[in-house]
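A short worksheet on the structure shown next.
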Amino acid sequence: MRTIDHFTRPKEYLSPLDEYFGKIVRQWADKEVIPYRRRYDEDWKEHHLIEPAFDKLMGELGLQRVLFPEDLGGWGLGHSHYIGTASYRLFEEVARADSAMAVAFGVVFWPLIMICNEPHVNRRLCEEFAPMFCNTRKAVFAANAMTEPQGGADIENMEIVQGATIETTAVLDGDEWVINGHKLWPTNSGGVCNLFGVVCTTNPGSRDLSDFAFIFVPADTSGVAQGSPYQKAGMAADKNGDIWFEQVRVPKHYRACGPGDDYKYFKEVISFGNLGSISFVSGAMLNVFEILQEFCGNRAYGGRPLKENDAVAGVLADIVKDIDIIRVLGYQYARMIDRPDLYGPRWSDEIVAKGRAYKYFACDRAVEDLGKAMNLLESSGSDRAWDIEKHWRDLKIVQLWMGGKQLCQMETARWYFDCKTL
Amino acid sequence: MRTIDHFTRPKEYLSPLDEYFGKIVRQWADKEVIPYRRRYDEDWKEHHLIEPAFDKLMGELGLQRVLFPEDLGGWGLGHSHYIGTASYRLFEEVARADSAMAVAFGVVFWPLIMICNEPHVNRRLCEEFAPMFCNTRKAVFAANAMTEPQGGADIENMEIVQGATIETTAVLDGDEWVINGHKLWPTNSGGVCNLFGVVCTTNPGSRDLSDFAFIFVPADTSGVAQGSPYQKAGMAADKNGDIWFEQVRVPKHYRACGPGDDYKYFKEVISFGNLGSISFVSGAMLNVFEILQEFCGNRAYGGRPLKENDAVAGVLADIVKDIDIIRVLGYQYARMIDRPDLYGPRWSDEIVAKGRAYKYFACDRAVEDLGKAMNLLESSGSDRAWDIEKHWRDLKIVQLWMGGKQLCQMETARWYFDCKTL
Amino acid sequence: MSNLDLIPYPKDMVQESDVSLARTLQQWAEAEVLSKRLEYREDYEKLLKPAMRKLFIDVELQKMIWPENCGGIGLNTPEVARTLALSLEQIGRADTGIGYLFSVTFALCSSFAMETNLNEELCDRIAPLFCQTQEIALGSLVLPAFGRGEHSAEGPLFRGKVLPARARRDGDTWVVNGKSLRPLNSGADAQLFGVFCALEKEDEPGLILVPGDAPGLTRGERFLKTGLAASDNADIDLTEVRVPVENLVFRGENPLRQILSWLYLNSGAVTVGSLFATYEIMRDWAEMRVIKGKGSLFKENPLTASLMAEISHEILLSRLLLHQLAQMLSKPELYRQPGEERLYIPALSVVSHITQTAEKAINQTMELMGSAGYATEWNLERYWRDVKTMQVHLGNWELNKMELARYFFQCRNL
Amino acid sequence: MSNLDLIPYPKDMVQESDVSLARTLQQWAEAEVLSKRLEYREDYEKLLKPAMRKLFIDVELQKMIWPENCGGIGLNTPEVARTLALSLEQIGRADTGIGYLFSVTFALCSSFAMETNLNEELCDRIAPLFCQTQEIALGSLVLPAFGRGEHSAEGPLFRGKVLPARARRDGDTWVVNGKSLRPLNSGADAQLFGVFCALEKEDEPGLILVPGDAPGLTRGERFLKTGLAASDNADIDLTEVRVPVENLVFRGENPLRQILSWLYLNSGAVTVGSLFATYEIMRDWAEMRVIKGKGSLFKENPLTASLMAEISHEILLSRLLLHQLAQMLSKPELYRQPGEERLYIPALSVVSHITQTAEKAINQTMELMGSAGYATEWNLERYWRDVKTMQVHLGNWELNKMELARYFFQCRNL
């Protein structure tokens, strides 16, 4: 009998933490999430059921600390040579149970990448923010406030827009930044966020990349307001809402890397975003494999298990083939992130573009395969009871975020074909 | 300006011979093949144009020797830990120019795998056959005579058929095998073959795997007859025809590995067949990228290069994304073949099944992408002059051989879902 | 202006009465559902029942198929196919689930209320449930299902599947038994179930009508599902349920095919309607959305325009196919009876194409809209969940294709 | 027995005369092409010309559209659409290339020989080329093409593309110039070219008829291509070619759309015919092929049956769409003139669906047949090459979709 561990992974790439991470998170998933997840959709606003599971994972198991340096209570992933492959395994195992929890957990690292990763560690900010995540047994959430009402994912479409459409402003007043603006949709907003990384401009309309600023704002700073969460097709464990910044004042040194570098290393954030997205897809799809094994092994057509019908088996083959390929691809990309010495910096246009390409491939395959899987199950395919419809709703969201497919296509074409005007 | 070398390869997997192989074969391709390949289709029967190019590659550059041990004039690839990745690079570069030449060249190794590869080196047969390939500057061809009139690719569908459908018989008479049977379609038949590896049975109808036999038959042995080549949609450089074996006598020790092992290691042959197929696809598709760069860069729509039209760029993105993924996947599979210590034996059901899965993925993507590429070029897409239609015809054949998609699906499903009756 | 008139349909096939009914339903859709979405955003389900009441009772849709002498409208000739196509487009545009409930109800009743197979005794007895009431009346079907483990324990197979219930003859009643049956819809509140049963001592299975209030029929918990909120579905148990012998509407495969042919036409029309809604949502988005910073309108970007064109292209083709099928169903003299393979196969083919195309088309529209695609606020995601749910209820495509294979290649052992 | 009657088409739309012509063409297809494939296996092209002669001359197909007073058959009213759909199915079934040559020729002549836009003077002058000859007569089109590098050098753009030639008025003649023009077909042997030209001192481009023997018209080398062997194509050069002013058939976009609408209908029908051939080849294969060792027939395996069903399903749908389009073209009073967007867009949509579906369907059929799929012996690979070649000649789908986007979303700057 095969298990999800039979799907291919490049053995030589696995991180020293791989086995340990895999073990503790899978136990957590099987015990704390999978038995309850069918009731998560109705819990989208309150998180009565969801919050305790987060506390276990992030606070008690302490996985929200991993990026920070060891001497600050972290696990030193930020300066390791296996941040990509190690987080991939973490996210994959969480996503197997619930990809919304995986993204909420993963996004905790998203702004911290700007200050915890070599070669651009901002020691002062690490020291300042580490305690918030390391000295607690409760889940603590961070978020990247990027998207704005007018532009959708324009802000991620750096190549073209170059920050010119950013309307959230940061003005230096003495040694404080004064931030004003309105952001939408970030993961871990809707009231749960503790620390924001805010994408803003020091000079509205400017295409000068040194005006692009990434500034940290603790959620309890006066002038910060979070709206209530939006209702969505899925991903109940991930809250998204509006955030308003009105005359918000933070210390000057809360700017992550400084003029130019904020822009440069923000592209590393995009790379990690794509890596995460791929890992969420493979994790959820591994669970889909488990579900298909059970359904097609125990339901009969013509008196034989469904899986023994050649036509059904053909579809099953198409699905596991994709899962295996997505996983290989995800680990290859994680390795490219782990080894800039071999593949170039994580923020290079090449790494960003290839991440986009792999991400939209993984999402497209998953959405199509989930549609086929639901159809194989007939009416059970749309029952909450089988969980496939859950993964279908959740992974659709992964496909749509971060600018969606079209932005991925444009960045892929732009890099490979040197397009100038896309 | 990007080149085909910008497509991802796992850097840590590359063989010590990678650069050298890449360099000499690419020179050969650009000089000896690409300028002439548009006339290959009319040369399908005679090979007036094609044969000299083969002699250069296989005889003069000596690449037909690589599998044999060094002391027999070979390059020792058979006992190396990089046979997979090294051959992948070789085949990819040849296929970039002409995938039919890549398969004809690759299949030279196919039967030799049975006797040149650790841990089942048959030293006596290596010594006997090495001179045929190593002491000449002419191209020398080998072929696997597998397919039979009645069963199509049944013979490759080992799991189910277990050799029971093989009608080509080998009867031991003293120290000689007496072989009778009729084979179809092998690459490098149609008159060009020098050495056959013949799949036959020592006990017709038996499902006892020790009755499955793989026996070498030099093409000039009396009783061996090759028919003239078939006319096909493409792949003019690869001749396929009928082969008749009538009372053909070869020494007893020409059986590759012996009862049981012939069957066992023949599955390794399948694995290499799938590895080769993937490499042919990625090689040809790399050339498609070069062609698209040229066409979409120099043809204009609305006064701007085609590649600057967002809708066209979307299709271009879909295509390069697939090429990059196929290549990553191909090298991962090559590595799995190189490192049985990490991934298990090359003849294991897992390696065979995953090879099938990757192969049908690669072929399906390529056929669809080539259809899109031809459509992008409008009427130029069907012109011989642009070579895209050539790759389209050739890769379609790669998709169809070795049992085609359905067999790949069944073996994938069978392995992942423990199906018993597919 | 919704611009739906840009999507052609075969005008020479429909009558003025069809067009005017469609216009009425379009008004209903806009007044009762589309315009109220915003106000009910937080609890969309609350608007469903009132809207359904308007449609089923006030517009009298639930009387449609019944003969006039039973208090119905008497639209029970084959020509109703064209009426259904145009009408259900509008209902599906408003809400897929409401359209689906009507589709199944009509298909069930078509087995005995159509002119071609009119069973007056049954009509007289059943019609009041639908025609003499101020309550919404729903019909539902219980069809063969996958077996569990070895089928030997589960009685005879029908086309590879297990019959959901068994019936034995006892004097002038049928006694029906079956555990945890999964109806296509409305297990929690349907007034009439058509249950496909194994008939004791007979070779052929048959469809038996079981009223929702029949003693021995118990309804399980309403369960959660992806879409079709209008359908309160639940498993049902039948324990020694007794119904008059006449409730056995038919035996064998062809009559079942007839029900399915009508269900396929209706579901296809509902899906095309949902695609209309998709098109309208996409238009709104494309008109107001700006990309690449200010200035460039979403619809003027070649890539997004290309995808929008692809989607509209598929909608156009689906509508043409839908009305072609309606035309075929409306003329049995030319195209055979819906129970015959010659008509059943095109019906299966068309509805499969439409529902599969719709899944893809709505998926792509969501891609165009980014987070607005999955935000409840924009309504699109509901059509996406609804259409997919309806599609899976039409059956596993791989297994449905076995029917096509038998037809096109005379396969015998599939 | 080919079992093609298993694939339905809208019977209520066609007249008996259409059916009988189709029957004649079916006989031609079987006698002149299908049955001769084996004997001509090594050199299939050799059978093309004789078969075409039979079709164009003996069956008089090349007289079809011409008015009777010009020696033609006079099938030049919109109703001919339904005739074309049924007839070209049979021609395409025999050979895609022959069907394509007829398709383009008819479409070109439709611009001045249809009752709705009859130009008697032109008909009198051109008809003899087709009606008073014992030679095969072919028409061809030269349409706007991609620019090379900067278009500034290449004159005005038409819908983003470059006009292939320029014409200046000189008294009562047009003087046409253009270098290395790529016709849709038959550059090496067509008797009549329709060249879409930039007209000096005019804003709108126009279509000018250039006879194949016009002084100043030179034909390049016949070039090699993937398919459509029946078309001997070559680039042509026009150097100071003089034609009467009346040869300017029309100016502007709508008349071009009309030509294309007819071309789309015809190409769609030819493709459906090629799909019929695919279906027949697949049936033969499925009947004789055994898999998994002896005993189990190919068509009885659920996986292969599923794929065979998928393919047949697509063929069925394509045929329904084709005849729906024919119906729309045949009734301009209900569906507008073919030159109007309201009809042109559905035509583009339908032919794009059919040709894209056909590519996929034939691809899948080849997959079923393994090496027989690409062996010339089994004939399938030729339909695969032919259909794909015809498809790419209908234009880049991404750019064609811009037309759909303008129609459905009123885009202005695409």
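Each chain carries a letter (A, B, C and D) given by its place in the written order, and its residues are counted from 1.
The criterion applied here is as follows: a residue touches a chain if its C-beta (ideal position, glycine included) is under 8 Å from a C-beta of that chain, and two chains touch if they have at least 3 such contacts.
These numbers were taken from a predicted model, which means no experiment stands behind them.
Chain centres here are means of the Cα atoms, and by that rule the chain farthest away from chain C is B. Between the chain pairs A-C and B-C, more C-beta pairs are in contact across A-C. The distance from the centre of chain C to the centre of chain D, each centre being the mean of the chain's C-alpha atoms, comes to 39 Å. Centre to centre, using the average C-alpha position, chain B and chain C are separated by 50 Å.
Among the residues of chain B, those in touch with two or more other chains are 309-314, 406, 409-410. Shown for chain D are the residues that touch two or more other chains, namely 302-306, 398, 401-402. Every residue of chain D that touches chain C in the complex is listed here, in rising order: 3, 6, 8, 10-12, 279, 283, 286, 299-300, 302, 305-306, 308-310, 312-313, 316-317, 320-321, 324, 327-328, 331, 334-335, 342, 345-346, 349-350, 352-353, 398, 401-405, 407-409, 411-414. Residues of chain C that touch chain B in their complex: 301-306. Residues 1-2, 6, 8, 10-12, 289, 292-293, 296-297, 304, 307-308, 310, 313-314, 316-318, 320-322, 324-325, 328-329, 332, 335-336, 339, 342-343, 350, 354, 357-358, 360-361, 406, 408-410, 412-422 of chain B are the ones that touch chain A when the two sit in their complex. Interface of chain A with chain D (complex): residues 309-314.
If you check the complex, the residues on chain D that touch chain B are 42, 145-152, 157, 160-162, 182, 184, 223-228, 289-294, 303-304, 307, 359, 363, 366-371, 373-377, 381, 384-385, 388-389, 391-393, 395-399, 401-402.
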